[in-house]
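I am attaching a structure below and will ask some questions about it afterwards.
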Amino acid sequence: MPFQPYRHSAGALRPSPLYRRYLSAQRRRRALIWLSRLAVLAAFLCLWEWAAREGWIDSMLTSKPSQLWTSFRELLVEGKLLKHTWTTTLETLVGIVVSMALGTVIAVVFWWSTFASKVLDPYMVVLNALPKVALGPIFYIWLGDRYSIYGMAVAISVIVTIMMVENGFKEIGRSKLKLMESFGATRTQMLRMVILPASIPNWIATLKVNVGLTLVGVIMGEFLSSKAGLGYLIIYGGQVFQMNMVMVSIAILAVLSIALYGLVNLLGAWLKRKNHFES
Amino acid sequence: MPFQPYRHSAGALRPSPLYRRYLSAQRRRRALIWLSRLAVLAAFLCLWEWAAREGWIDSMLTSKPSQLWTSFRELLVEGKLLKHTWTTTLETLVGIVVSMALGTVIAVVFWWSTFASKVLDPYMVVLNALPKVALGPIFYIWLGDRYSIYGMAVAISVIVTIMMVENGFKEIGRSKLKLMESFGATRTQMLRMVILPASIPNWIATLKVNVGLTLVGVIMGEFLSSKAGLGYLIIYGGQVFQMNMVMVSIAILAVLSIALYGLVNLLGAWLKRKNHFES
Amino acid sequence: MAQIEMQDVSLSYFTPKQETEALRGIRLSIENGEFISIVGPSGCGKSTLLSLISGMLKPTSGKILIDGREVSGTSPKVGYMLQHDHLFEWRDVLSNLLVGAEIRRMDRKKAERKALELLERYGLGGFARHNPSQLSGGMRQRVALIRTLVTEPDILLLDEPFSALDYQTRLTLADEVHGIIKDQGKTAVLVTHDISEAITMADRVMVMSQRPSAISAVYDIRFEEGDSLSAWTKRESASYNSYFSTIWKELQAHAVSAV
Amino acid sequence: MAQIEMQDVSLSYFTPKQETEALRGIRLSIENGEFISIVGPSGCGKSTLLSLISGMLKPTSGKILIDGREVSGTSPKVGYMLQHDHLFEWRDVLSNLLVGAEIRRMDRKKAERKALELLERYGLGGFARHNPSQLSGGMRQRVALIRTLVTEPDILLLDEPFSALDYQTRLTLADEVHGIIKDQGKTAVLVTHDISEAITMADRVMVMSQRPSAISAVYDIRFEEGDSLSAWTKRESASYNSYFSTIWKELQAHAVSAV
Amino acid sequence: GSGGANVSPSSSASPSAPPSEPSPSAGSAETVTVKFSEVIRSIFYAPHYIAISKGFFQEQGLKIDMNTAQGSDKGAAALIAGTADISLVGPETAIYIHNQKGAKTLKIFAQLTGKDGSFLLSRNKLDSFQWSDLAGKTVIGWRPGSAPQMVLNSMLLKEKTQGVNVVTNIASTAMAGAFASGQGDFIQLFEPVASTLVKEGKAYYAASLGESFGPFPETSYVATSDYIAKHPDIVAKFAKAVHEGAAWLDTASEADIVAALKPFFDGTPEDMIAQSVANYKKQGTWSADQVLTPEQFETLQRVLIENGTLKPEEKIAKLEDVADMSFVQQLGK
């Protein structure tokens, strides 16, 4: 009976004194790291506040933590902040869904037709290299005020998405496909049974990149034309020289981006677990 | 004598008739691909021109190829176009150098001190996720109207650079380092003899990503405040509703980005060849 | 009539850079139920030979017949087993076993019954609902073999199926797989680098020459002690050593002649 | 006095998730010029044992002495050779050979002379200015061995140095490396999964048990035909087969006992 | 120096560029470089460019290192951050900053435009325009908080026009495109875009906000109080040069004006420049004396309060808190 389950952990029952010492050292180290993280944040905020109070930096330009807090509470109470944040969130989610769907479909087409992929390759390179922000006014004209935000968001994220997904398809071992071929699989079967499921981890990685890009696109789109949203708030705050408003919006944007990122991480972990990919 | 050079190509001397047929089929296919590429471009331009002439699209909004050409020649003759392009190019090059240098140094620091890397990790995540375009006003204030372009360029590219370079360091096999360790190498020696040279291919890949990001940053920075540059021209063209100018600038931007990309590719190929990495 | 018949088969690979003549004038015929091992220098075209038999490649010239019919495309008669198991992580063991059946649109119920029966029979009874990552390397390769058997091929092509395993697992699994294939009465063609594996598993060992390869020698493996020895006793028999050194020398000769 | 002496050495790995007791109460002593092979189930701690001798790991308890001195950190007396050659692509062969010398800040001129001499001696004379990618797998491993020899260690630790090579190269190279090490008069400890490699190369074979491992058996390898046989003739000798099956059974016993 | 600093349009102020080279003012030992930030590049600010290209700054011994800030906020920020010495921005920024009671305050020392520079254009040709015509119509306007938007809003309040749908969510660079592609019945535009649209037959002049609304201090030269205190001479010279630019613009021939402005407006057709200048001249955009009067200041604050960007209690009573008109007042004498 030579087949044994994979890893047998022996001696894991009664931790030895040395191991206990190791564990507590580890715990101390983790605590130290967390403390240092908090310390960095606190030091940053204190320094900021202090420098502003001492007049080393001009709080009118850079705001200061205490002002930010006041400003945040005011904006929140006025009820506007949640609305703006929600607008941006919604736009970002729509943008992500559209650009992931579009990107995946185009990547599948490119996988299907090597010819199309080859012919369009140089155009993809150009589109990838071109700073999409420059296209803002054009999107506005083409798509109108409502959809130009999505246009910008998708434009910024879709090319990278296509490239990453396509790359993922290519990285799936030739030999997995050879196995399929040996059973006489058609191209559709290969796509459905191997290419798509096998690229789930890569697809999740793409999604992670996509989130950041789409958010940038949404903000850029809001800069261009918007009725609400954090991008709108940033522009407006600048217009009326309310740096507090700008800073609060940026801080919320940071929180939003982390939240979205975390969400995608959870989704990714769930998808991977569901499909039994080791993380 | 069991050791033979790697691959012995046998029968490569006199191509067989079948191989000759294969080769000419290949050549035809390559030609077809190139023709199709040109056809796609030509069809796009013709359709554009035709639609504009027939009045299906408003050439004032979308310009048209013939107008673009005229506009390009005019701008060129006035001598300004080269100046703007050169300004943007220079800013981009400076941005690339600064952000690659900064990114590499920080990645080395993170490699050196796991503690620093751990402590700063959540901040890196935030900075990475945050849409840097939103920081424009802050850079403007901190760095002033002249350096804010570089600020924006570096901000957009440096985080990704740090992460990619650091990742590259991590991907260098533990066992290459174990070899070094077995000779009793110090950390400096490992860095100098293994980590840095071994990550050249990854560094080049990072550089490629960096170029695109830095260019976006420069354009964003020029949108924010500038005296010249393609970003300036795009904004100005938008302000005076000269879509020809906007389109010409975008086209030149596309060319510039491809040129920079090509340059980096060449540099990368040279660096790799010089260090004997297989491409 | 031989089950597999190759008549003057040649194959060249074409890439834009060069033409690689992999096989030149291969002739062989394999009887029903025979177990053939193929050894040869690396890159000589062993995998190519299997691909030709499986119908995934077409010969540049010559003919390949299976049961007297010319091969054109893959056929349900032939099962292919690769060096790596390529189990799909996103499917459990049972549904991995049904991959071939699914592709060939076989009756699902029947295929499932067959799969479960084979799992049971070859010592993996409780693992139908496990994920591939929960199996050891050797178990995974056995699952890969069963996946091939579920589609009920007459011929099994094995391309270095044990080379990714560690030494002890390899030795043990080779024995087992040999048993399974003989038990199922399949014809088998095994490609391997390991001469002792080739000798202990096969009825005939074919040695291929350097590229452009042909079959340079064929050895009928007969043990005086009888035919149904275990791999283990074969390895200890006197004829084993002489087969080993003959084949080794044959291989070395090709290596030298290539310089 | 033995050159390497391990006295009741134990080692546990600590990770936040668990404690892994890799070695428990290892005792062994190896004489100057001896060639020891170590075989054992995978994951039993063979590489750990070598790391301990090399000084890259400290034992959790027990003592390791080299030439009577307790090991503390890596020492120029010990050379380590890994499964993969890890030649640096960005250096040519000669400057790869000088990596160890450079780290240890040895006299560059002298090291270079030594490296060239060894290259010449072991059949790689013309390759000093080649790039690693221009060498075959076997040549690369030979370069890796020479890289270790350039720093003039007394003891060589070899961790499955041939397992990444193909079968034929492996057989040939093992012979050669054995010759080189004997020629240089070094003490060697070879870890391998391949029992026949272990038998043909070593003066003594040690079998390790499952984790937490100890040395479960030691076999002195003596061939009646004499001591300086080639690996080839060893493999054909009668005692080879009996060593092989004894060691195999010893190993299997551990495998079973672990379930 | 800063990267790319020497390739600005201001380099046309170097001796080689101006068509007619005035004799450098005797005695000015060395030229002083003034870091200057303009809000956007627009023909609305023509006197300033004239002063550069006709060498009036140079005569005063000033070299203008000009940067385009793309927004009043950034122009003001540059002053506070010290990266610009003088900015051309909306005067309201000085009020905002005064009210935030930061360490630095800004002072307006000269006014460039005394009226709003935007025009209301209609999609359909109107024989006579009444503000009440806007009721129920959609107007593409400027971003909230910007001067033209506030002026339009106050104009509508003044005329008591109700039910106007003013679209304020479009970036300035996309407004004309939005209108040309069919959005809105009216649009509020500056020159030369207004002229361009009219010339293309996409729109018709309906009203000039500058004329209709009357005096409104839209753009001013601003510096920090510290800078003004420390370099009164430079500020005085600067104001003088601008004054001369405005005076020259008032009398010069169209061709001369176009030639002087052309270097600053790459790619803009000469007839558009001429047309735009003519339109601005016609409505009396450029005040002759560059003085911000207390009445104008009152108007400004009223507009800001009407638009909610200034709280009534923050209203500044004394003009002197945010302005120092002594430099331009001297000029008149």
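Just so it is clear, A, B, C, D and E label the chains in written order, and each chain counts residues from 1 on its own.
One rule holds for everything that comes next: a residue touches a chain if its C-beta (ideal position, glycine included) is under 8 Å from a C-beta of that chain, and two chains touch if they have at least 3 such contacts.
For reference, the UniProt names are A, B = ABC transporter permease; C, D = ABC transporter ATP-binding protein.
Owing to the predicted nature of the structure, the values given are computational and were not obtained by experimental measurement.
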Handout entry: Set of chains adjacent to subunit C and to subunit D
Key = A, B
Fill in the blank from the handout: Going from subunit D to subunit E via touching chains takes a minimum number of steps equal to 2
Handout entry: Per Cα centroids, the chain farthest from subunit D
Key = E
Practice task
Report the inter-chain centroid distance for subunit B and subunit C in whole angstrom, where each centroid is the mean of the CA atoms.
Solution key: 47
Fill in the blank from the handout: Taking each chain's centre as the mean of its CA atoms, subunit C sits from subunit E at a distance in Å of 83
Completion exercise
Between subunit B and subunit E, the Cα-mean centres are separated in Å by 38
Fill in the blank from the handout: Touching two or more other chains in subunit B are residues 2, 4, 61, 137, 141-142, 223, 238, 243
Handout entry: Touching two or more other chains - residues of subunit D
Key = 168, 252, 255
Practice task
Please set out, as single numbers or ranges, the residues of subunit E touching at least two other chains.
Solution key: 73-74, 77, 80-81, 173-174, 177, 180-181
Handout entry: Every chain pair in contact, whichever chains are involved
Key = A-B, A-C, A-D, A-E, B-C, B-D, B-E, C-D
Completion exercise
Listed in rising order, subunit E residues that touch subunit A in their complex are 71-74, 76-77, 80-81, 93, 96-97, 100, 102-104, 143-146, 167, 169-171, 173-174, 177-178, 180-181, 183, 309
Completion exercise
So, in the complex, the side of subunit A touching subunit C is made of residues 2-6, 173, 175-176, 178-185, 189, 193-194, 197-198, 200, 275-278
Problem - Of subunit C, residues touching subunit D in the complex - result: 41-42, 166-168, 171, 193-195, 232, 235-236, 241, 244-245, 248, 251-252, 255
Practice task
Within their complex, state which residues of subunit E touch subunit B.
Solution key: 2-5, 7-10, 37, 40-42, 66-70, 73-74, 77-78, 80-84, 172-174, 176-177, 180-181, 192-193, 196-197, 200, 202, 265-268
Completion exercise
subunit B contacts subunit C in the complex at 1-2, 4, 7-12, 15-16, 18-19, 22-23, 26
